[in-house]
Amino acid sequence: MNREPSNNGTPKAQPVMTREEIAAFLARAFPEIAASGRVLTVEEVRPLGARVRMAFVATDIRPGGTISGPAMFLLADLAMFVAVLGAVGPQALAVTTSITINFLRRPSPGDLIAEVRLIKLGRRLVVGEIALYPEPPPESSEPPPGTSQPPPEMVAHATATYSIPPGDGGGNMG
Amino acid sequence: MNREPSNNGTPKAQPVMTREEIAAFLARAFPEIAASGRVLTVEEVRPLGARVRMAFVATDIRPGGTISGPAMFLLADLAMFVAVLGAVGPQALAVTTSITINFLRRPSPGDLIAEVRLIKLGRRLVVGEIALYPEPPPESSEPPPGTSQPPPEMVAHATATYSIPPGDGGGNMG
Amino acid sequence: MNREPSNNGTPKAQPVMTREEIAAFLARAFPEIAASGRVLTVEEVRPLGARVRMAFVATDIRPGGTISGPAMFLLADLAMFVAVLGAVGPQALAVTTSITINFLRRPSPGDLIAEVRLIKLGRRLVVGEIALYPEPPPESSEPPPGTSQPPPEMVAHATATYSIPPGDGGGNMG
Amino acid sequence: MNREPSNNGTPKAQPVMTREEIAAFLARAFPEIAASGRVLTVEEVRPLGARVRMAFVATDIRPGGTISGPAMFLLADLAMFVAVLGAVGPQALAVTTSITINFLRRPSPGDLIAEVRLIKLGRRLVVGEIALYPEPPPESSEPPPGTSQPPPEMVAHATATYSIPPGDGGGNMG
């Protein structure tokens, strides 16, 4: 009764957009990202998840040689959007309503990988968690509970909520 | 250079307190929990993680037959503290500095399980994520990235930051 | 176009429930709060805001003589709910979707006051911030920007999001 | 005993850096911001607070003509850093440990103003809240509790935690 139809009805549902379709959608919808010289690559779209890579650009360096917080936020936000697109499709003009990001370690200059996992796929709200790793990602980045190895290289962790507008596509934020 | 000695030096370090030691510590330090009639059980303490069960009590019911948000918060906070004790030990009077909790689904009345994973174990700050599940927990509650099955029953997700006081045990919050 | 009708159309709208009506609603909807021995008093309901007092109870004490984090969370959550009721009314079975709470200082044992301010009142989401103070509250607890006096006694700060179900009263969480 | 010496000892302390000194520090420490074409202006540094303006740049536009979430995050993060510099000074290599941001309304293209208020100034952690408004800011942007007018134009709200490294300037994140 409290289950979310779209999630629980098809718990292993395949993404409704492919990696290539999402990449093309982003290129059309956000041309300013490419124009800014930033390169974000949709590496994988999977059921209720996605992996996105952000290529290192020199302007993201901060004192001490690390990557800026806003650059990590941008990656987390975009990767979440990719996962939402994969789960919901492009007709829904989903908007970010909130993000909490914890900066854990200072990444060295280099590519960053975002791994997204959607933990709620409701009709109106989608909630996901995003883990950022330096490239290359650790081989077993997320051990199941009960095992002893932490993800030694997670540099930031975020939780994000997206609002899915009603079916009329109004795109209202609230 | 940015690595945390206590974490990266011993990434698979065993907990410094056992499950039984932590349970005894909590009983001494928080007698009011038992006095309140609430039963929280430390089920497992593992390297950089823990599992805690909160027995259902009727006073946690909310309209619609679900469990109250504050009760879920209490479980998340205590479970995180258990994991911190396991990793740092009792000499450190760790204090919660912040928690973000997302309520995902309405749990039915029943026990709740908190699974904690510490994602940063610094000298001054410890960050963890806590997933709450109804009992019994799903058999494979956290599939590795790339697999298709979401945790279908996660009812709440939290990220928590604890501050570890300096070695003098001052217990200052900031 | 991006404005929220319910907010911007009536920016100074009076609350749709009085303090007394909200108190009566809470007593009916949450009898377990009173049964627990906890006393929460709706002190004021104002347009897009509310003030709620939580009487000190000995079971909230933590080591060091301070008030427990979960007790502060409970106050913040309930105070936010009071403000939502005042703004939206009882027909809407609003549910908390997320709360971020920062614990700032250790309150001494005593009553706590929650001051709520709604910063978004949308048709589907309500966002508010909650500041907790020890009793008595500072006389000028929130100086306008540009003045020099910080709220010296704020013990915790929270931001909360509530989801307002569609008009059919379904009360779905997502 | 739980009071923070640096805060409570000098609750009305003047900033330790002027607006001009902070602007010069930022220009030296973050040359890539200017290089990116983004213009952020420190408009005011006050005791435990600051105001920073971000000039509109076309690359921040998102579908629908609004300003991107990452751009708003960047402004909130930098404005918080300005307030921390004003309160703590440049010798401390403060680092962001976490930010929670709520996106409330879609800003139209135009400058954005960040108003920062520090709500905790501890020896190790600084916590602040940041409100983002479109330019020009509302005349009475933050009414005291008890008055009826909400800030009608707040487009985003954030809370941020900065970690202040120990006196040796180690700059360790945890």
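When the chains are written out, they are named A, B, C and D in that same order, and each has its own residue count from 1.
Basically, contacts are C-beta pairs under 8 Å (C-beta built on N, C-alpha and C of every residue); 3 or more make two chains touch, one makes a residue touch a chain.
Bear in mind the structure is a predicted one, so any value in this text is a computation, not a measurement.
Asks: Which chain's C-alpha centroid is most distant from that of chain C?
Replies: A
Asks: More contacting C-beta pairs: B-D or A-B?
Replies: A-B
Asks: With chain centres defined as C-alpha means, what is the inter-centre distance between chain A and chain B in Å?
Replies: 25
Asks: Can you check how far apart chain B and chain D are, centre to centre, with Cα atoms defining each centre and the answer in Å?
Replies: Comparing mean C-alpha positions, chain D is 31 Å from chain B.
Asks: Quick check on chain B: which residues sit in contact with 2+ other chains?
Replies: Expected reply: 2, 4, 97-98, 100, 102, 104-106, 120-121, 161, 173-174.
Asks: Quick check of your reading of the touch definition: is the inter-chain graph here a line, ring, star, complete or other?
Replies: Per interface graph, the chains form a complete graph.
Asks: Under the definition above, what is the set of chain D residues touching chain B in their complex?
Replies: Touching chain B from chain D are residues 2, 4, 97-98, 100, 120-126, 161, 163, 172-174.
Asks: Can you name the residues of chain B that touch chain C in the complex?
Replies: Those in contact with chain C are residues 29-30, 32, 35-36, 58-64, 69-70, 73-74, 77, 93, 95-106, 171, 173-174.
Asks: Per the contact definition, I'd like the list of chain B residues that touch chain A in the complex.
Replies: Residues 2-4, 7-8, 11-12, 44, 46-49, 51, 66, 100, 102, 104-106, 108, 115, 117-121, 127, 129, 140-152, 154, 157, 159, 161.
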